[in-house]
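Quick heads-up: structures coming right below.
Across the two complexes that follow, chain A remains constant while its partner is chain B and subsequently chain C.
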Partner chain A sequence: MGLLTILKKQKLKEKQMRILMLGLDNAGKTTILKKFNGEDIDTISPTLGFNIKTLEHRGYQLNVWDVGGQTTIRSYWRNYFEETDGLIWVVDCADRERLATCRDELHKLLQQEKLAGASVLVFANKQDLAGALSSEQIAEVLELGSPIFKNRHWQIHPCSAVTGDGLVDGVDWIVDDIASRIYLMD
Partner chain B sequence: MVKNKSVTPEDVLRFKEPTKGFLCPLSANTYGIEFLSFTIKDYDTKRTIFDISRENAAAAPAVTASALANLSEDSYRKIRYNFSEDVLRTPTISTTLTFGVGDHEVEDFRMIERHYFRDRLVKSYDFNFGFCIPCSTNTWEAVYAVPLLDDKLIEEMVANPFETRSDSFYFVNGELIMHNKADYNYCGEPAEAKPTPGTPRAGAKAGSKQAQGNPGMKYAAKMSATAPGKNAQAQIPAQAKAGAKASF
Partner chain C sequence: MRGDQGDAEGEALRQEHEVRKTQADVEEAERKRNALDERWRRKLEGRKEEQQRKLEEKQEALDPTQDIDAFVKRFDALHVCINDGLEKAKALAQGEKGISRLDLKQKLDGLVKTVGDMQKELAGATLYLPPYDIRQASDKIASATAKIENARVELAPRRKFAFGNKSKPRSSSSQNATTSQSQQQPQQQKQSQADVAPPTAPEPVRAAEALLAKFSEESTELVVENKKGETINIAEIHEVSSDQDVRLRSLEDCTVHLLKPTSAVRFLHLKRCRIFVGPVAGSCFFEACEDCVFMIASRQIRIHDSTRCDFYLHVLSRPIIEHCNALRFAPYGLSYKGLDSQVQAAGLAAPRAADMWKDVDDFRWLRQQQSPNWAILDEADREKAAL
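For the complex of A and B:
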């Protein structure tokens, strides 16, 4: 294999990112993925496995893994940590009763060694619902100011998967962050 | 038939032409992996170019069990498609595959698809699904720009029906568990895309002018011998982290 071939292969690899999207069941992960891609969101049922979306975004090939959030499936999340460049954590901001569980699951993930280098985007979803907490309130509940976030690249973005508000901003941030952190910019 | 244990991903990535036969038996799929639906769309217009699912397969005229019994095992894994030439020029395509997994964990599930025109490799796709949860239903959607094929190659493909072929190989932990084949006809005139009669299949519906096409984009659908009318198998190309590459 010639040097040029090696360089080209490296180049190709550099343009790919693996993004893992997790959150409790009914947080809106699949809806976010579909809405972001301009698809119909009327007929989404609980994800009993994964949805992978391979798409081009701003010159990168994103491989987004949306894994179901039901309690029985959460124990399998660890099988998807490998090689993850970015983690998108989706929160149902109107599901007040489960915010503590939501916080605990997120904090558990952040202690995983395989996710240590991943950029973290928290989507404060369902902002279109009347009872939804703001992203500032969510940041507080999830304790994003705690030490485990200290050395990590993270942001929280308010969004609505139903209206699409905020989705592009959030994804742009995590893609830029991964690009600047992992890859040499062209 | 070659013993499936001897066929590795590295082997199939070196193949330069379609295999003569199938490199594993149908029974090699001990994980209960089933293709449930497969859709191809023109990404820009959202037009559905091809769509098959268990549901619409079940609604199609049934093939009786005795008829199935008379077919060789191989015929379930091989399909011919007729597409119109314009699919070879569709700029961006999305493909969506839904598959189910049996009651055991599947580790390192990987698809490699090789597309040939005559004895020439036109494209090769390699996608690693990785781990699959027991009893899960999973989808994989790929959106991508169709690599440009030069006009001369397209002309030749149109002029030589069914000389565009593909082999799809599915591995679990490096072991070949499924192998499907397809061949393709591209009509110069926009035409109804439909599988050639005689191939066991059901329920594929395709809009007019269909054609899906770049040789990377075809797919095959057919019924399984074990579950007549239930089991649509679809093959699709892939581009992915595990080494997307296109060879010309």
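For the complex of A and C:
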């Protein structure tokens, strides 16, 4: 029994997860990634292509793909779907004008076959802004209660990339969820 | 004696005969052996030839240089074929009006198939190709795919793009901008949902709009909208805290002063406005602005769908533009009492060299050369504003 536990732990140690981070432009994807990784967030330029970061979190190796959200490059998102274990969808909660677009893009993603098995974490970002909607309100607008979420592992977490609030909670959830889904089943 | 002689002679003769006989035997045997050898030799030679032939065949298959050449030849032929096809498609699309979208689409689909062939070729050749060639080849494949994709967007846009343009009321005047938006949005969403494979229930669309309206009523965001020909000093009308996000929307011929530190500002559907803004600790987002002048200090600048605007910026990251033209950029020219300390407090203080007002990236122009969509404002034409 003891040996088995050790072996299992060893096995888990090597485990990698591929996490895709998407959302409209100006949602704060790169800022979340850098803040979470403890990097400087003062001079982040809008992402022209994508950033990849490999993070160690709770014994897992997370390969996080942060892809730019401008309309011009949204059509390239599908190039990153393959073998994605988790999708982090980032929402600018103060951007009311584009919440409808945000919802449509998210629903479009969830209909993608290649993302069918992925756990979905919605980050209700920019909670530090005075005019930000709450995560409950965002959940309503994004229609997270609709049937396409029914058979999916998903959660919404409020956060602020600038202050760092809520980031760890959200990432903890998605890592645990992926782990329980993929690695602990046997 | 004689007899002895004769005997001896006879003996010699016999011996000679014997020798001859053995010689003949030997010769006979030699002949036979030779014949056998000959047969063997021929057999061996045949076998050797066979081996040689097989070896050559094998070597031919293994010989890397020969095959790399062959691969490059085949691969480049496909590549040329794609480029030709693209040129032809472009010529067709520009030349006659007769070519239908469907025909173009079929042509482009054919090219995609050719790219598939290229990929197959490469996949088959990865065993013996050196890494450099593999990289070159996959770069070629990637660029061909991108070119075809671009051509598709340009020549035969999918439905998605058609209503994407329609939904953005770029040309509508500010007064009906709000109404046209609210009318168009539900329609647009229905369309976009229809575009995605299985249509989800149509009711939630309305629900979302209603929800947003409700949330707006209870919100604490700061909105200035639907004004014409006014001068607005926001800090005089509203209390502005440093974590405030501000939205300026559908303004025409207005002058706006926002001389307080804020966290985020959105500029939407502005026409012929002059906008003076103090430090924004987060990002500034512009959409569908025309003929405006902006003076802004900010961490991030994103400009979409805008034309003929001048931006006087102090910015800590590379400004980006998308679907814009005739934009001009200049260094921040605004000064007012307390600005410096506000900039300091917002974390935007930076040495001159770190100010990136002229390092503009254009999402519609990813080349080394200067984008035609923006320029640096001539020093002689620059304004200064002291408020």
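Quick note on the criterion: the second predicted complex is superposed on the first by the 170 of 186 C-alpha atoms of A that agree within 3 Å, B and C clash if a C-alpha of one lies under 4 Å from a C-alpha of the other, contacts with A are read in each partner's own complex, and residues count from 1 in each chain.
As a working rule, a residue touches a chain if its C-beta (ideal position, glycine included) is under 8 Å from a C-beta of that chain, and two chains touch if they have at least 3 such contacts.
None of the values given here were measured: they were computed from a predicted structure.
**Student:** So, on chain A, is it clash or fit between chain B and chain C?
**Tutor:** Aligned on chain A, chain B and chain C clash with each other.
**Student:** Hey, is it chain B or chain C that touches more of chain A?
**Tutor:** C
**Student:** Where does A:Leu48 make contact in the superposed view: on chain B (first), on chain C (second), on both, or on neither?
**Tutor:** Once the two structures are laid over each other on A, A:Leu48 reaches both partners.
**Student:** Quick check for you: in the superposed arrangement, does A:Gln16 touch first (chain B), second (chain C), both or neither?
**Tutor:** first
**Student:** First (chain B), second (chain C), both or neither: which does A:Ile73 touch?
**Tutor:** both
**Student:** Could you look at A:Leu121 and tell me whether it touches chain B, chain C, both or neither (first, second, both, neither)?
**Tutor:** neither
**Student:** Examine A:Val171 and indicate which partner it touches, taking first as chain B and second as chain C; both and neither are also allowed.
**Tutor:** neither
**Student:** One more residue to check, A:Glu83. First (chain B), second (chain C), both or neither?
**Tutor:** Only chain B is touched by A:Glu83; chain C is not.
**Student:** Tell me the contact category for A:Leu129 with respect to chain B and chain C: first, second, both or neither.
**Tutor:** Second partner only.
**Student:** Stretches 40-48, 94-102, 130-138 or 256-264 of chain C: which one clashes with chain B?
**Tutor:** After superposing on chain A, the clashing stretch of chain C is 130-138.
**Student:** Indicate the residue numbers of chain A shared between its chain B interface and its chain C interface, in ascending order.
**Tutor:** Of chain A, residues 48, 73 contact chain B in one complex and chain C in the other.
**Student:** For chain C, which residues count as touching chain A in their complex?
**Tutor:** 149, 164, 185, 189, 192-193, 196-198, 200-201, 204-205, 207-209, 211-212, 215-216, 219-222, 241, 243-245, 247, 249, 263-264, 266, 268, 282-283, 285, 287, 299-300, 302, 304, 316-318, 320, 322-323, 347, 354, 356, 361, 363-364, 366
**Student:** Which positions of chain A touch chain C when the two form their complex?
**Tutor:** It comes out as residues 25-26, 42-46, 48, 70-73, 75, 94-97, 99-100, 103-104, 107-108, 111, 126, 128-133, 137, 140-141, 143, 146-148, 162.
**Student:** Quick check: in the complex, which residue numbers of chain B touch chain A?
**Tutor:** 101, 127, 129-133, 135-145, 238-241, 244-245
**Student:** If we count contacts the way the header does, which residues on chain A are in touch with chain B in the complex?
**Tutor:** 12-13, 16, 18, 37, 48-56, 61, 63, 68, 73, 76, 79-80, 82-83
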